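Next, two complexes with chain A in common: one pairs it with chain B, the other with chain C.
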Partner chain A sequence: MKREAPKSLADYSPLFFPGLMLIVFFVIPFSTMIAVSFFQRDPSGFYTPDFVFTNYARFLSLFFAKVLGFSLMLAVMVAICCVVIAFPFTFLLTRRPRKVQTVWLVCLLSVLSLSEVIIGFAWSTLFSRTAGITNLFVAIGLMKEPVALLPSFWAVLTGMVYQALPYTILVLYPALVRLDPTLLEAARTLGASPVRAFMNVVVPALRNTIVATLIMVFVFALGSYLLPQILGRPSHWTLSVLITDQAIYQSNMPFAAAMAVFLVLMSLALVGLTLLVGRRENAL
Partner chain B sequence: MTKILNHRISRRAVLGAGVASASLLAMPSVLRAQDRSIKIGVYGGYFKKSFDEHIFPEFTKATGIAVESIAEPTGEAWLVQLEQAAKAGQAPADISMMSQTSTLKGQATELWTPIDAAKIKNHGNLLDHFVNKYPDGRIAGIGAVAWYITLVTNTDVFKEAPTSWAALWDPANADKLGLLALASNSFLLEVTASTFMGGTKALDTEEGILKAFEKLAEVKPNVRLWYRDEAQFEQALKSGEIPMGQYYHDVTGLAAADGQPVRSTFPKEGGIQDSGNWVISRASTMVDEAHVFIDHMSQPAVQALMSRKVGTAPTLKKEVLDLKPEEFAAVSSDIPPIIPRYDLYTTKADWINQKWTELIVG
Partner chain C sequence: MSGLVLKDITKSFGNFKAVDTANLSVPHGKFVCLLGPSGCGKTTLLRMIAGLEDPSSGEILLDGTDITPVPTHKRNLGMVFQSLALFPHLSVGDNIAYPLRIRGASRDEQKKRSDELLKLIHLPGFADRPVAKLSGGQRQRVAIARALALSPKLFLLDEPLSALDAKLREAMQVELRQLQQRLGITTFVVTHDQREAMTMADLVVVMGHGKILQAAPPIEIYRRPADAFVADFIGMTNLLDAEVDRVGRVSVLGQAIPGLTMPEGLTRASVSIRPEDVHLGPVGGDAIAGTVTFVRDLGGTIETFVEAGGKIIVAVATPRERPDVVAGQQVGVTLPAEACVVLKS
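And now, the complex of A and B:
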């Protein structure tokens, strides 16, 4: 069946609403941010409209490159951890009876109602020396004395994976539910073990879903600024933390905007690269 | 976490109060009795709680002006919000408590309505450094509250109170400290200069500041938490998770009075005396009521009430106050304070911030 090309203005009308939303919620704010990133910073006050590159020049240093590198690495790790945990979990979940699935999904949705602050403080208590899980390990004889598990990189990673996991599962769920069960049955009939069938049939069949989920979690994790502060050392602070510092505490909007623009461009570039690689592989 | 929950509830209470006052305004007969009402921004947490409990009701009783208190975030967040709102002709609060650095920054954009000294009866009794002036002499802010940042310890972990800021550098305290995360609110450069370099004068030159940074870098291995949010450190201090650090003398005193195992010590080099001003947003239409409020707050009786109930150091000369020696000691000290170099955070703000960030993150 050949789809007819739109001819009149009315044929384009379904695009108006999404287009308007995109302009209002993305194009306008992002353009404002780009404009501000070229403004002149006034150290004793706020900023004056101008066209200068000093904000970008300040960002281009080894120090900020390291922070940016760490932020991207952290977001990538969160994305990978989430998908590695969530994919098998969601797959097994979709094999359960409908009722069991509903209960699980409701529980997962309830995690989404927790704010980042609550999640941060809860994990900081769980990882603390005075009231944390290591006290439990001491009680059952696994450890000699309780230790503090934070601040550390692993604490930050755990908190962020915990926060992003429900989203990951919710994104993967529809695709896994729709997966044709006969694919697996065929693989099993041909003698593949359940694990082998999962790895060689289910995972490749849903490769595009997995890539899309990785990108979503990556972008989601990139914006996190509270958990790295609560659970990590300053060396684990993401670029978002430094952007907040500049915007809120130093009232240096132009520099904050320049860093944010840079962060958005870098993440767009990474997302683009991932899609490009994916397309090449599909073409083969 | 309880603090955050309380905070939430109090914010909700504010919203509730807003709805209540809106419904009052909807009734013309009640309008006449309640038409004078001002919005006052105060720092969230203990400050707001204490003001709501002890200070604002007295003010409403004395003047008939109702108060809607608003929890301000610390740091410059509130300054940014006020500035953005003023550009749009809005005043999220008529009067706000504003830090010295933020007051100076707000001056640059004429954010503050000048205060008429003639309307403040106790103007002559204010300590000089509590009158913040525009370069041309107009008054931008009047001292609202002063407080000390001191050396705090958990009494279960440290049986003996430390006596000097040098304890922060003691290798025995590795991974035990909680310090404020920003140069402009921790004032650790001033502490370093006062403890090891003979006073904050040493920060006059860039070489002096760099030397202070170098000395301060030695403290890094001892720091477990660089905090922005007070609740984060306070909880850890109470539980002994992070048993030493810098914190607010008044809040620590209140926590100790609640039975928590914490103490605040004035080191021999002095506590850091920081202060906030009352400032009036230029977008506010309640300028007369704001003056009545500032006048009320600058009375010796109210300053003494604040020292007793809120735990702040008075902004008026000691001799006009009726504080007993022990009441004075609870909020202040005879050891000369370390006065922060606010000028550095307006003139060299970006340079210091960059060095500072590199110091703690790098």
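And now, the complex of A and C:
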């Protein structure tokens, strides 16, 4: 069936509500932020409207480049870890009976109800010397004496993967449930071992889903600003932490806005690059 | 012995026995149809031969060795699934060459073999097309070619033609049978369509409620069904009650059938007779008296429904031997003894 192009204004009416929401909750706040990023900071007050590039200029330093690089690297690692763990897990989950699946999904959903703060403090206890998991390792004889596992990069990574994993699973679940189970069986009858069949058939058949999930987790991890502070050293702080610091504690709204805009542009560029690479490979 | 032997194969899911002590012996190169209504265990049996399902008890012997503990990917078989299960991310050629890729064949070998197979299934030059761009019948052929890529010992097909329309299905049945005869490969096809089974098989295995009821060549299954279920499932049949009188004559609907005998000790049984063996003639003599209730003239065949003794008997005739009858007419029905099969009721 061919659809007619909308002619009158009334034909566009279904777009009004989402359009309004997008304007109120995205376009206006984001434009404000872009505008503020060009304003002049007023140390005695808040900021004064202006059009200067000082905020962006200040950003162009080795220190901020390093922080930006670290933030992107951390988000990429979180995304990769999450998908590498969640994909086989979700695949195996979808092969279980319906009842088992429901129980698992409910448990995963309940993890989502935990706030970032609770997750952060729970892990900081688990990684601590006095009450952490290393005490368990000592008890079963794996370690000589308990040690503190934080603050460290691995603690930050663990916390963030833990936080993002339920989202990853929930995004992958529908695609994996819909995957035809006979595809795997076919691969096995053709001589592929179960692991090989999984790598040859399931992973490539769901390539687009995997790329989309990677991007989602990446963006999600980029916004995390509490876990790096709770579980990491200052050297593990992400750009989001610095933005929060500038905006809330230093009251330097224009600079915070400039960093935020820059972060958004960098993430968009990275996402675009991923999609571009994906499309080129598909075309081959 | 050589070939495939199933020995007391049973598969239970909880309390439900999907396959119940199945025994079957198939020599090399035979075309076997597993036939039965849905839920009779035929697919489960096929999946056990493929190793996708483990039997609860019993063993599967291939050329004398027990292959029950061998995992699917080491059994050297080709299987076509009902959903075909073509890999959506691979081209037609790569789909067909997948089993060769698994075994580390070079790119050239893969290409050579897939081109060879594409010629075999009458789709030369299709190697680079994406699977999604093929028609139903073409996909069917590609799935068959992929299953045959390594010249397997066993070729298994699970309702392979069920997604095709009637005409294409009949053409594919003939093609599949010819392909199998040319390659001489032992083939198992699961189907619920008795016409399909009759068209293709050397050996038809009729299953019901998890049991193998009869395994025989198609014409024997048709002519000498083992029980009422088989008789009813394969083609159209008239199932009538039969009785033995004091002097040993067998009678159906109160009319003695000369020449028909019953096994020793049986006094009551069913008689199965195919509609094309039923004769309609004038009333009187040895004929059973009945009334024509309906005539279905299909052009190629004419089915006449006759009511006699509270039973409907169907007779099928060709236009050449056109029984000149109309609904409401009194006719005499003759059941030739040699066409009647006595079945335990």
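Just so we're on the same page, the second predicted complex is superposed on the first by the 270 of 284 C-alpha atoms of A that agree within 3 Å, B and C clash if a C-alpha of one lies under 4 Å from a C-alpha of the other, contacts with A are read in each partner's own complex, and residues count from 1 in each chain.
The definition used in the following text is that contacts are C-beta pairs under 8 Å (C-beta built on N, C-alpha and C of every residue); 3 or more make two chains touch, one makes a residue touch a chain.
These numbers were taken from a predicted model, which means no experiment stands behind them.
In this superposed model built on chain A, chain B and chain C occupy separate space and fit side by side.
Within the superposed three-chain model, A:P18 lies out of touch with both chain B and chain C [touch as defined at top]. In the superposition on chain A, contact of A:P151 is made with chain B only, not with chain C. In the superposed model, A:I230 lies in contact with chain B only, and not with chain C. Touched residues of chain A were counted for both chain B and chain C, and B has more of them. Of the two partner chains, neither chain B nor chain C is touched by A:G141. Chain B and chain C, viewed from the C-alpha centre of chain A in the overlaid structures, lie at an angle of 150 degrees when rounded to the nearest 10.
By the touch criterion defined above, A:P49 reaches neither chain B nor chain C. Look at A:E185: by the touch rule set out above, it reaches chain C but stays clear of chain B. Touch criterion not met for A:P97: it reaches neither chain B nor chain C. Superposing the two structures on chain A brings chain B to within 47 Å of chain C, judged by their nearest Cα atoms. Listing the residues of chain B that touch chain A in their complex gives 1, 4, 73, 75-77, 79-80, 83, 104-106, 108-109, 181-182, 184, 224-226, 228-229, 232, 236, 239-241, 346-347, 349-350, 353-354, 357-358, 360-362. Residues 50, 52, 71-79, 81-83, 85-89, 98-99, 102-103, 146-147, 149-150, 156 of chain C touch chain A in their complex.
The touching residues of chain A, when paired with chain B in their complex, are 41-46, 58, 63, 67, 117-118, 121-122, 124-125, 128-131, 148, 151, 229-230, 234-235, 237, 242, 245, 247-252.
Note for the complex: chain A touches chain C at residues 180, 182-183, 185-194, 196-197, 200-201, 204-205, 207.
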